[in-house]
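Chains here go by letter, A, B and C, matching the order in which they are written, and residues are numbered from 1 within each.
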Amino acid sequence: MNDNLGNWNEDLVRELASKQARDSKKPQDNKRSLKGFPVWSWVWYLLGALYFILPLYATFTFSLEMKRDTLSFLAYEKAFADKEFWHTFGYSNLVALLTILVSALLSIPTAYWIRLRLPQARRIVEFITLLPFVVPAIILVFGLIRIYSSSFNIPFTDIALIPPLTNFRAGTTVLLVAGYTVLALPYMYRSVDTGMRTIDVATLTEAAQSLGADWKTIMLRVIFPNLRSALLSGALLTFAIVVGEVTIASFLGVPAFGPYLFLLGQHRAYEPAALSFTSFLLTWMAMGLIQLVTGGQGQTTGAH
Amino acid sequence: MANTTISTNASTPSSLRKWVGVVPFFLFAILFLILPSLRLFIGSFTNNAGHFTFDNILQLFEEQSILNAYWLSIRISAVTAIGGGIFGFLLAYSVTVGGLPKQLRSVLITFSGVASNFAGVPLAFAFVATLGRTGIITAILKDVFGFEIYKTGFNLYSFLGLSLTYLYFQFPLMVLVMTPALDGLKREWREAAENLGASNMQYWWRVALPVLLPSILGSMILLFGNAFGAYATAYALTGGALPIVTIQIGAQIRGDVLHNPGLGYAMAMGMVVIMAISLAGYSWLQSKSERWLK
Amino acid sequence: MRTKKIAYQLFALFVIAATLLSACGPKAASGQLNTIALPHDWCNYGGVIDAFKAKYPDITVNELNPDAGSGDEIEAIKANKDNKGPQAPDVIDVGFAFGPSSKAENLLMPYKVATWDSIPADAKDPDGYWYGDYYGVLSFLVNTDVQPDVPQDWADLLDPKYNGQIAMSGDPRTSNQAIQTVHAAALANGGSLDNAQPGLDFFAQMNSAGNLVPLIANNGLVAKGETPIRITWDYNALSAIDTFAGNPAAEVVIPASGRFAGVYVQAISAYAPNPDNAKLWMEFLYSDEGQLLWMQGYCHPIREADMRARGVIPTDLLAKLPDVSGAVFPTLAQLDAAKVLITENWDAVVGADVQAAP
């Protein structure tokens, strides 16, 4: 296995070698603290669990209080009475999957190319991927509508290359997916980039090429499978963003989950709590499915 | 850097061909991000009457309230990026290198996926229901321990409270981005270090952390940007009180009241500049830290 | 071969997804109406839209962003100038001040409904570009389970027993409702419609006394007891009590002094893709039927005086509306002046001590 640390720290090696020489007279002390019970890991995990669960629990208990002086699921019954709930949830799920596909297809080759062939472009690409944080969603959606609500003609003619995207459902969906890909870009790109740094694409590509692999094979059979863990992170982040998004969906007039939730619950007292708790659970389950489908964590060489 | 080349035919000059691979990305960015956002740039030089002006940009530097807003936004983003980065790293560590059972990792990862986007009114409400005056923790502390946190000056509707709330989506983000990086810590390095007699601390300090540093920095700038651009949560939780930049921008370009959109756009451009500066700082740190990888 | 297989699978998935997505939602019918910023619980817009759909079953109503503020609605018109699709709003319902300003920007299409003459003159544009639709009076919504001692007037809000209990329904820098809340407080505090400064001072007092919570109050927070006193339009407060259905018990109080009326206006977009349906919508809203539907949402419809005189309002509906006698209606000039004063000075006068927080 290629140990690509190179000559990263000759000082440490020398230091440790001399330490070993000094210690060789003493009995070997196996300081493998990780082989014992991982106390600290449990501490962090449980603290984290406490922090995450408490606010959810608080929301849940409040949602049960709709009937006076008793706990009941009345708020949930009212929230789910409408079949539009499932329709919009399904729609948003589909849009999310499309967005994941598009943003992955966009990010992976780009990150790969930058790593291997064009490190000069790295700064500008990273800057672009951070721009969605500072462009308010409302500016983005109005900008998209402005530009794509008229047809794109061949210059100097009246022949439309692209019809106005906003006038038909499929076109609006294109705009929606494009907008969401932009929103998810920071997360997807960063995940993919971190993944590529971790697996050292340069060496993998070299090795594959020396075995005679071509471009496509390298991407599909060498790079892509090793990125599973990073892609999973990016996919989960993108999914959550899309399903919960309200601004772009509601101005583009599509039947998405976010605007629906808002329309349903904003002026009620208990239903919003029930809805937010439920959509949290449902999205969590969808995440679990995604994880199953992508084959789990895809750990590389088994850390420890 | 490796001099790996991907075979292509040598008809176009190689300097130009190098850019081919990033063309789809730039095309997409131009079509769906830059062009729609152009209004931001043009609008910051336009006043309410529609004429060209530098007034908006000048106002950014002249009005104390705007400068305060930027400083407040930077502070809360930095605090939650660092806080979120540290504990998020520890969480990611615990389920990867830290040796917890695989199922716990699945739970954390999928939960983080959802929690990373749990924001706005629902998140604000959840924290109000937990730590507000009528929150369950407040109640437990009072009834069980006799400790009234609101008497000590604690207030959820403050910088501290907002930071605590922001962390709810910062921790998961850090977990999700760092887990693949932690997976990449090779077992061989640990074994090699231990064979040479390194203690746990030495392994982490001299081997693992240097390797992870570029990823950690990259994640932290993501967290910074994430918090910097956040709007809905702050509005819901501290609406009238903490005037962070995104709320100020919203006040100018949206809402029920006639305002000065040009100023709003100028403020947004200011945010772009701040992100660029942060990115420059991060790049510099990262180039220093990437020595360890190659 | 495996790569091809994966590619085909992905493509098939894409096609299926796109087809499903295209099939979803309302079909492109010949009759459409695009509305914006109409929450269903606001003035019973839910009932209004349902009744309109029942009356014109061939018209598909596309409801855009119910969360939008008046500024968003105007921005939506501007962004959709070239758009004939379902994203372009046909009709808007905006704050009073937005009527004249949108007319000045040439964003509106004039139209006078059949019942035009019964709309009060000071609530409409003489050329028919915009017209008042309903009004409400600022009130206190009180969760009486948490706070049984109900404040009766603005001055009561300074009482220490309301410590940490009072919240507005918006941010005074962006929200019509919140700005007018501050303006209303001026009336009860020695100010007038022309002078909103006492309102700012009043809120500064409330804030330093610790009675004001910076949360944007909504019904969930009122029910939770975190903001048991919410200052909002009376129609919102009354419909909140309906949705509470006794849990929690709540009351609405129109303050004894400082009764401030807020008017909203309707208009048709100059770039409306469906101008004929927009006109049908307006005719419906300004018919007795439409006005009564708003009244069911506890709003005072703009033709109320005319309808009372003709005796067409059911007595049980009349009984549900609170007594708002003495409510004052600010002019546009007064609203503008107050808005400038309040938005520019809010942070300095009221938010000052919060900025000093760590």
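To be clear about the criterion, a contact is a pair of C-beta atoms (placed from the backbone, for glycine too) under 8 Å apart; a residue touches a chain by one contact, two chains touch by 3 or more.
Everything quoted here is computed from the prediction, not taken from an experiment.
In terms of C-beta pairs in contact, A-B outnumbers the other of A-B and A-C. When you average the Cα atoms of each chain and compare centres, the chain farthest from subunit A turns out to be C. Between subunit B and subunit C the centroid-to-centroid distance comes to 34 Å (mean Cα coordinates, whole Å). Taking each chain's centre as the average of its CA atoms, subunit A and subunit B sit 14 Å apart. Each chain gets one centre point, the mean of its Cα atoms, and the points for subunit A and subunit C are 36 Å apart. For subunit B, the set of residues touching two or more other chains reads 121, 125, 129, 135, 250, 253-254.
Residue positions of subunit A touching 2 or more other chains: 62, 138, 142-143, 146, 272-273. Counting partner chains per residue, subunit C has residues 72, 75, 218, 220, 224 touching two or more of them.
Across the interface of their complex, subunit A is touched by residues 2-3, 6, 10, 13-14, 17-18, 20-22, 24-26, 28, 34, 39-42, 62-68, 72, 75-76, 78-88, 218-220, 222-224, 236, 239-240, 243-244, 246-248 of subunit C.
Residues 1-2, 4-7, 18-19, 21-22, 24-26, 28-29, 31-33, 35-40, 87, 90-91, 93-100, 102, 104-106, 108-119, 121-123, 125-127, 129-130, 135-137, 167-168, 171, 173, 176-190, 192-194, 196-200, 202, 206-207, 210, 214-215, 218-219, 221-222, 225-226, 228-229, 231, 246, 249-250, 253-254, 268, 271-272, 275-276, 279, 283, 291-294 of subunit B are the ones that touch subunit A when the two sit in their complex. Put simply, subunit B touches subunit C in their complex at residues 65, 68, 72, 121, 124-125, 128-129, 132-135, 150, 157-160, 235-243, 247-248, 250-251, 253-259. The part of subunit C that touches subunit B in the complex is made up of residues 69-72, 75, 94-95, 97-98, 101, 146, 164, 168, 170-179, 213-216, 218, 220-221, 224-226, 339, 343, 346-348, 350-351, 354-355, 357-358.
Residues of subunit A touching subunit C in their complex: 62, 65-68, 87, 90-91, 94-95, 97-98, 101, 138, 142-143, 145-146, 149-150, 164, 166-170, 172-173, 216-217, 220, 246-247, 250-255, 259, 262-263, 266-270, 272-273.
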